[in-house]
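Notes for the one structure printed next.
Naming follows writing order (A, B, C, D and E), and every chain is counted from residue 1.
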């Protein structure tokens, strides 16, 4: 009822192949954009910006990267954090070697380094499939992390062994380092994420995206349609790693402010995988939903006892958070194994026929 | 052994594809043993035979998915013993599959659009923008695909994920996907399995239209003997990997070996 | 209503919970005791809040952001990974960071890092103290180290790698041979290759810089390899639980420490009385009170409390702010008399910080495991300050350069 | 450089054969321990096609349960051994309950879902077990009750090859127990009616349902079996290091073992374990110093990767069917 | 447009033999929103062979899955109506319980266990049986007799066998459970004509000799109506016509649209008119 597209006719194929062909969706998107660009920075607290929104957006970007690989191309990877690390360290090296160039340029360029490394570790994917591939990508994860610890050149021989983010500006406004306010950092992250999401959406809705999905759904048939598997898979690795790399660079420069190699440990890889699966494989919106669920929900649960005035020890809250998040993961999978994005679609279907059940 | 040219055959062009002494085995199993036949431009060539005779394997050899241990394949005058599937595709060989091999997670439209992949050239950069040339290209191909959708009368399921379609429609979408490649040689593996009479008639019509109006050469595997006899210009019969007959439908139908091995007395 | 907000970053979950819990208990119980016994500090109640970091940098930062609006007077990140991003923020947010004997060693330099404090010793101090101890065992000065082969087994992360430049320099200067045995975090519990190498290399001494399960596994493996325990010395992090599992073979295992273990101090008695017995503590088992890491937590909270008290004295405010406490920390002077007043006489050495020196470079003693407890076996051993301080200076300078524009110190220095 | 890579390590091996033997032994032992964890994975994967990420935490959880029950019983005045075995029994019971819960709450509603979804669900289980375990047992490391379970301690020192090779008795026990379990499980899969059904289920849930195989019953059986394997693994690992949540990290090492042996092969788990264990120790011991040591963290994965390139389904895994 | 079902002349009451299976007015919804079956009722008498006919997407497979309770795994559910088998409600039974009671389905699209050999595949069919190895061996032999081709390939992995071989394997596997009733979904699909004949002969054979009842969803109307005793025609989720097999066979509409026999006998596929419109009873 609320979601009926009656009366919305498409006069040409361009309109019909738009990413959001339905009017209601476009309105919804516009509202979200207004909230993201205006309402949140205006009314949000620093905590909301710095600890909820910025990490959420960055993790979403990482999840999009991983989703391109896992959701769209069907290549299971557990090396995401490693690729994010490559982006972060590349951005760090570049920005310390050439401090005169704007930091944002280097953050975006760092993606290319991650893409390169991603392609190298993607090579085995031609022969290795499924969970076997997942384990093979673990080799990337652990090897890269080892490099971050061992190759002192990467962190400019800092005795702390960590990379520290210098303060840098964009148009005279501090966007990294201690002087950068959460609002500034939020805008930068939001801008990058919105643009990159748009690009990702363009790619997956076009020829390349279809190629990936074909490889995912039935690689043998895809081959017989003239798709060459290795280039297709490597391209997926490259694009995916590019996104992860940028996300990693953003993570260090605009979120954490300094990072030890352990910031890119296996846990992060798993976390992103959760987001992708819970959000919905092969769905960009799902990546955001997944990131929201996995990142924001625990924050919410942790804050709950305090806001209710319940005297629960911090550790207990943490244990409960694990318990609840675990249970919710299972719950959502049972409700809709195809992820939150699909749940959303079904809801829209129901809205379309509302008030009738079907 | 190649059958005498019948009336239709004579009007047809030169050999498009020749299979020459092909043998294929998997470990102990001999799937194909020394089979030779040819497909001429513009004809409908049927391959029949009992279950496990090696028909599907034959198609797999033709489009490069299996590499025969012996024998050669000549396609458009080029002889080769092994090629990659995507090469076959880029030279104009398309096919459908016995066990529907659609991309289950994608919509009908996207499935058929995948068939256009080889003809789309805009690179990653334009794809990222989805604007200007990339969009124009996309729409050009979309137009073509819509023609196919019209032709196959599957307008209504354009945006349905194919995994949810009933079997028969899936087969039709699969045909659409193969058509989108604008093939010169179309390999159909049991396109009418699991269809009722009405749908078979539809399918026959599509195949005939393709053949007549677009001049597509078709190799067809089918167990419905009525369809085979009515549609095809020439028929190869395989049994246990051997070729046991080759000729016009009438000849084959009368061949005692074929009756014995495949048709049974009832037909 | 007036109160002072003191957040505690703790980790009672995750792979390092074994070390994190006793420290958290010690920190928490001391401050609670002050509230219970004295009604806070200087009559102002402390609001103590724990935030669980799980030893994870991201969660730690989240804790920080969540606490920031409540105007904490200082933070104790309890993880080097969390400390590092806070270092540049501290000056902006005006919240001092107390990273007690961890974090960035160079932050000992108050003129470069006015907001960061890492008393009472840096890892470099610790390492040189161990060297001094070894020299002592060999019967004399550092020249006795010449020709010795010293193995260094460490967590292959920033923490364990920090002494590497120092080792590099000192092995040349003092003429000992260093053998390195890094242990990756993922392999903490699986050190057989490292200890096989120890068997091959036969070092004269082994030095351990580990954390969590790495310590307990290292001790077990050392016992298995029959490495002489009295020649196996660790930095200050192992606690009783890390050693006990190795059984009798672990007798003689040594660690550095700067404070006593045990409960024979009036203050600890008070904690037992007002907090533990009153059921206000989270300790899983009363016998944990007084253990090394518990007392480490107590020491940390003593620094917090003394900093607040000093701040109250210096500024005259009762309800102090982060800026006040920063000054309090710089003016911290816990002398023998004060220790006695607190009820910790003989617990540790006096500590005095200053505007320049945010560390104190306190001496440590060596304690040895006797099968049931650690007992102090040496007097306080001084670090090789002549080697360490220049390195610190250099590091602090390079930190400021690499993070240019690093703000000059503008905070005035209280003449004290 | 080349000398250091290609010659020096072998010279060392010849010069100090006792160390070589010791290294091999350590490799074998850690291989056996990895194999034990991998075995739990294999059981469940073979039987249900589920890649059970929770196996690692099940190891921790079962060991904690055991130690927890022991503490309770001994505080009630049971003697050491009696309390230990009672606790062992109850811990096994808890694993049964866990298996039933997992089947009822997680697997049954998710039957026939894609592998990756089930994989994800096991992450959910992992989280729940971490949270629940920490609430019940706390985060502190515990001592494994090895003596009370009559597990030997101390070492056997053998004078050989001009040196001393010392074998820990607990390691010998681990090797023996692991072999017994593997033989037992291999027989279970080969010789029982359920064995075949298990493989069928792994192949296709849908088809298994349609021929009337009771997935529910089978899942409880295998998850319980995997729980028992986890318990044994927990005891063995716990006796080496402490029982704490840090053990979970070690479980990741089972993954390369798994891919090397093949997800579906019981013998594969042990062979893979031994290859990884020995390879990793030799690599670290002889070649590690060239890279500054500590390469074990990724060496196992790289070894596995190299084998995979050669055989994409692992050494003993079922062939991947590619047919159209 | 022909008349609606109620007024159809061939429509009449099913056989009076006691039903082994009766489906009463069921509704099936996929994904909570897609309504596929809109009130389907049918009965299979004990020892009968009943055919369900209908175009693609009519809901034949869905009906069979609703009976064998396999819908659940495809996110479908029966929202209305009841299903009775052998005198008891079975709507809530798990598939394996149903097999135990003697009702087994051969799924559309074969679904063999690819990594198991043909013989192992067949043996899994006997999972619910408790009557000893010897009996199972005998049945195995019986199936090899029915399908000699399977015997040749008994040790090959099912995943590598040809489509027709897999189909035989799936049918044989179902027979191994010694069912009272088999739900066959498109048994003839992909089989050589000879084998199709054989399969229906086997059906007949099992039916007469062992009293197994069959519910067959089939596109090969000709075959189905030749062997079945009764037939239902399903269209877009509704039963639009039912009747005894021979009556259906003589019905003009059925002749034209399902048997492909026009007024003047069998048409050639070559002459199909492209302007032909689909005929529907309901739409």
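We adopt the following convention: a contact is a pair of C-beta atoms (placed from the backbone, for glycine too) under 8 Å apart; a residue touches a chain by one contact, two chains touch by 3 or more.
Computed from a predicted model, the values in this text were never measured in an experiment.
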Every chain in contact with both chain B and chain D is listed here as A, E
Using mean Cα positions as chain centres, tell me which chain lies farthest from chain E. C
Farthest CA centroid from chain D: chain B
Please tell me the distance, in whole Å, between the geometric centres of chain A and chain E computed from their C-alpha atoms. 47
How many angstrom lie between the CA centroids of chain B and chain E, rounded to a whole number? 29
Centre distance in Å when chain B and chain C are each reduced to the mean of their C-alpha atoms: 74
Which integer distance in Å separates the CA centroid of chain A from that of chain D? 32
Which residues does chain D have that touch at least 2 chains other than itself? 130, 134, 139, 252, 292, 294, 297, 324
Residues of chain A touching 2+ other chains? 142, 146, 150, 220-221, 224, 266, 315, 318-319, 322
Listing for chain B: what residues touch at least two other chains? 56, 65, 97-99, 101
Counting only contacts in the complex, chain B reaches chain E at residues 26, 29, 49-53, 56, 98-100, 164-169, 190, 193-202, 204-205, 208-209, 223-227, 230-231, 262-264, 266-267
Residues of chain C that touch chain A when the two form their complex: 10, 12-13, 21, 24, 49-52, 54, 56-58, 61-62, 65-66, 68-69, 80-81, 84-85, 87-89, 91-92, 104-106, 156-158, 161-162, 165, 184-186, 282, 395, 399, 402-405
Of all residues in chain E, those that touch chain A in their complex: 29, 31-35
Residues of chain E touching chain D in their complex? 68, 70, 72-74, 94-96, 98-100, 104-107, 111-116, 120-121, 123-125, 127-128, 157, 159-160, 173-174, 177
State the interface residues of chain D toward chain C in the complex, per the touch definition above. 12, 16, 19, 22-23, 26, 29-30, 130, 134, 138-141, 143, 153, 155, 166, 168, 237, 240-242, 244-250, 252-253, 280-281, 284-285, 288-289, 292-294, 296-297
